[in-house]
Amino acid sequence: MSEQLNDPLIIAGRSFQSRLLIGTGKYRDLEETRLAIEASGAEIVTVAVRRTNIGQNPDEPNLLDVISPDKYTILPNTAGCFNAEDAVRTCMLARELMDGHDLVKLEVLGDQKTLYPNVVQTIKAADILVRDGFKVMVYTSDDPIVAKELESLGCVSIMPLGSMIGSGLGILNPHNINVIMEDCKVPVLVDAGVGTASEAAVAMEMGCEAVLMNSAIAGARNPILMASAMRKAVEAGREAFLAGRMPRKKYASASSPMEGTIVGK
Amino acid sequence: MSEQLNDPLIIAGRSFQSRLLIGTGKYRDLEETRLAIEASGAEIVTVAVRRTNIGQNPDEPNLLDVISPDKYTILPNTAGCFNAEDAVRTCMLARELMDGHDLVKLEVLGDQKTLYPNVVQTIKAADILVRDGFKVMVYTSDDPIVAKELESLGCVSIMPLGSMIGSGLGILNPHNINVIMEDCKVPVLVDAGVGTASEAAVAMEMGCEAVLMNSAIAGARNPILMASAMRKAVEAGREAFLAGRMPRKKYASASSPMEGTIVGK
Amino acid sequence: MSEQLNDPLIIAGRSFQSRLLIGTGKYRDLEETRLAIEASGAEIVTVAVRRTNIGQNPDEPNLLDVISPDKYTILPNTAGCFNAEDAVRTCMLARELMDGHDLVKLEVLGDQKTLYPNVVQTIKAADILVRDGFKVMVYTSDDPIVAKELESLGCVSIMPLGSMIGSGLGILNPHNINVIMEDCKVPVLVDAGVGTASEAAVAMEMGCEAVLMNSAIAGARNPILMASAMRKAVEAGREAFLAGRMPRKKYASASSPMEGTIVGK
Amino acid sequence: MSEQLNDPLIIAGRSFQSRLLIGTGKYRDLEETRLAIEASGAEIVTVAVRRTNIGQNPDEPNLLDVISPDKYTILPNTAGCFNAEDAVRTCMLARELMDGHDLVKLEVLGDQKTLYPNVVQTIKAADILVRDGFKVMVYTSDDPIVAKELESLGCVSIMPLGSMIGSGLGILNPHNINVIMEDCKVPVLVDAGVGTASEAAVAMEMGCEAVLMNSAIAGARNPILMASAMRKAVEAGREAFLAGRMPRKKYASASSPMEGTIVGK
């Protein structure tokens, strides 16, 4: 159906059919990772450079042998970096290992406890990376002023959290994400927080361009079935957004719809 | 995927692959009705006997010529009935017009303004219909005591509302629906209230066996695309339910998950 | 401030300054009961006739010696009744023991597990009691059709639950309570479900005339301090309702307020 | 009751009985301002130095003649500042006009449209002001990493928003504010977003030390009555927090309470 719609996601000039981006962490083994990615239909797969061998250790198994860059757009990320310098260095390493690949996911976290973004360091790193020619998809909080600053620096996608990494609490503040989307000219993706299928659909119904997740799939009892659920949920949410939902009313015979809602649903 | 799962919905001894039941009201014309039903993947299609020609008027277009009983399980419903007598009479008319077809959707409404169920009259009608041999799928409020009474009378499916018919407000009280499901031995379906795809997924993730809707599809700007969205959302929600979602945590490093939530999400 | 406002609650022709009604169950002892009632400022105190000695056992301590009918309006209730007959009989006993006192709180519950109202039996009992001259304040579900029926039978106050008795889950479906209030000409009180002070304030801000509670006070770690909190919360909510809250906006510079909200908050 | 509790709010070593701080903007006239402040019971009153005459214009009416520093703790704020330099300069002006008064409320906003904080500039200004001897109460987003940074710089109170200034949308992300409070050793106040009494109570029940508001009172239809409502709501919420609310349960007979909730309510 998505194909029929001819409704591609466009990031940094490249076109994708799938609006579900997924991570590669926390799976039982590489085989489960592979099957989950397949079931998800994802075309963009993000890889934590500091935790995954993508060539740094030539004698060990290389993830890219399983998740082939010929088949998937690999998105190296800076998970595990807590300051701008480490994040920049990690992106440079990835570019070198991947023959000049310049599309990266920047994340600079605030602490080990919450894994919440450090927005000051994120802005700093984004500025350096963009100037150095990287195409930066940036993980950030739901702060609309920070989002605007990251966009103005030249990031190719703004990726606010729904809730904290690994929490599975869904989108805690849809209002802020709506405010971010109002003005943003590059794609806005929800990255982190989605815990189950309906929450992925909610993100898409709000008008987000895509959703990125890892724990919700890898942490499910049956990751491969959840990957399938997420694929369908993201497509469902996108189609519902495009189809234009019915107006909300107090009851069917109410003369006027209930416009506007507190949380932007 | 659903097929591979071998996870049929079973109602009154019959088995269905689709867990999305849809209505036939409010479409622009019969062609749009047909296309929306096809896009939804529904196998059970409900028809308001008092508003639709299923043979009462032999000289007019018959819905069953478009929505063939050979292809779909037709579920005659008593929409427009405000007391038990009318509802019973309507079911009898349907059975007669449809050669003994005995699976019906009972709804007895309280008033024109809210279209909220009249549970007293619903119980009365259910009792008469079951005794008369009907297989009764019953639309009701989210009152767990009424639901239990309807089950004990012999209804084959309990169908609490998410919110008022035609409101599109979603599932306003998931807690009550969870309480209904705790003890109910026949399938519990959410009927009415779903307004967009994510809300259908929520119903399925809660453990409902299926979802019935009409306005959410017919009232969308693009009903056929919304029908597709709903199909995927119901499948996504069912798969997520079966896959077992990740635990919710305050943050990733929290030692214990957040068990129990107020509204049963 | 309430006094200055000259904003009395009027039930069955009697006027009250306090809009907080409280129960007498679950306290540690009669002294704690007395202190909590005093701190709450309640003028109407409800008593479970089947669990409390109000004169049935002349040789045992009588609650009415501690909670004097000279000081408080005693509201006998039918807690523990699961059918209309028991409830009617209980009201008659109370009237006899209390010298013709005819203001009662009717509750007929569905089962021991949920303590959810049995609305069919509640309607039946209300009809009998009103015809017999009782002034019936009636505990019910949030079903607007049942509420309208109870009003039309002549009940002097409709008291929908916020959530199940003893749950402390707050008002799970404010939408239904708003619909009940739209048409109801007798006072609508939220009875059951309030768990903490803010939830009592929410009920009052919605426009409810009063709140009745027991577990939220008796089940707090410090019941007497919680009683004081509830007194202030009910007054705060009422004053906020009368003061007319500021419009909600997406942000301060938004040209139009966000009218209408899903849950009536 | 608060007095009896001996439960003072302590900020920068000073002790206050009231936990409601209020602003002076948007009232019809100085008389309404005065009456609202009185009705609120506030002891700390915040004043926008760039919009209010506190001595800059010796020939015009001076707010401090109406809101006397002998009676209230005046809290000069930097509303209207969009960068660190302006905010620092504004604080210095206030200190000069007020004879060395060093307790200030710092706010540096991101843009005129949203009035959301600019956290980068806020951190910069906080650092300068603390080093210069100011006692800085700082308005910020609900970002826990930024909050921790502001605390480590030496701010005397962290004041995250509930929602955007002037929006009246309440506390959109209680989860983040809970995370901020977990580790913070100086008082956490909710500043901005509260729209009605129950929302002020919610903030206090979460464990916030106080609430600061302006629009919710000044923008009510009856500001003076709303000020009274807010006074009671803040006291109610604080008392409920100290009293320890009853456990939430699915229903009264549930064997175990529902621990943990998504949004920290």
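A, B, C and D are the chain letters, set down in written order, and residue numbers restart from 1 in every chain.
Here is the rule we use: contacts are C-beta pairs under 8 Å (C-beta built on N, C-alpha and C of every residue); 3 or more make two chains touch, one makes a residue touch a chain.
As the structure is a computational prediction, the values presented were derived from the model and not from experiment.
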item	value
Selected from C-D, A-C or A-D, interface repeating B-D by over half of its contact pairs	A-C
Selected pair, greater C-beta contact count between A-B and B-C	A-B
Cα-centroid distance, chain A relative to chain B, in whole angstrom	34
Chain B: positions in contact with at least two other chains	114, 116, 164, 169, 175, 179, 248, 250-251, 258, 262
Residue ranges of chain C touching chain D (in the complex, touch as defined)	1, 5, 112-116, 164-169, 195-202, 205, 215-216, 219-223, 225-226, 228-233, 235-240, 242-254, 258
Chain B residues within the chain D interface of the complex	175, 178-179, 248, 250-251, 257-262, 265
Interface residues, chain C side, partner chain B - complex	110-111, 114, 116-120, 123, 141, 143-146, 148-149, 163-164, 169-170, 172-173, 175-176, 179, 262-263
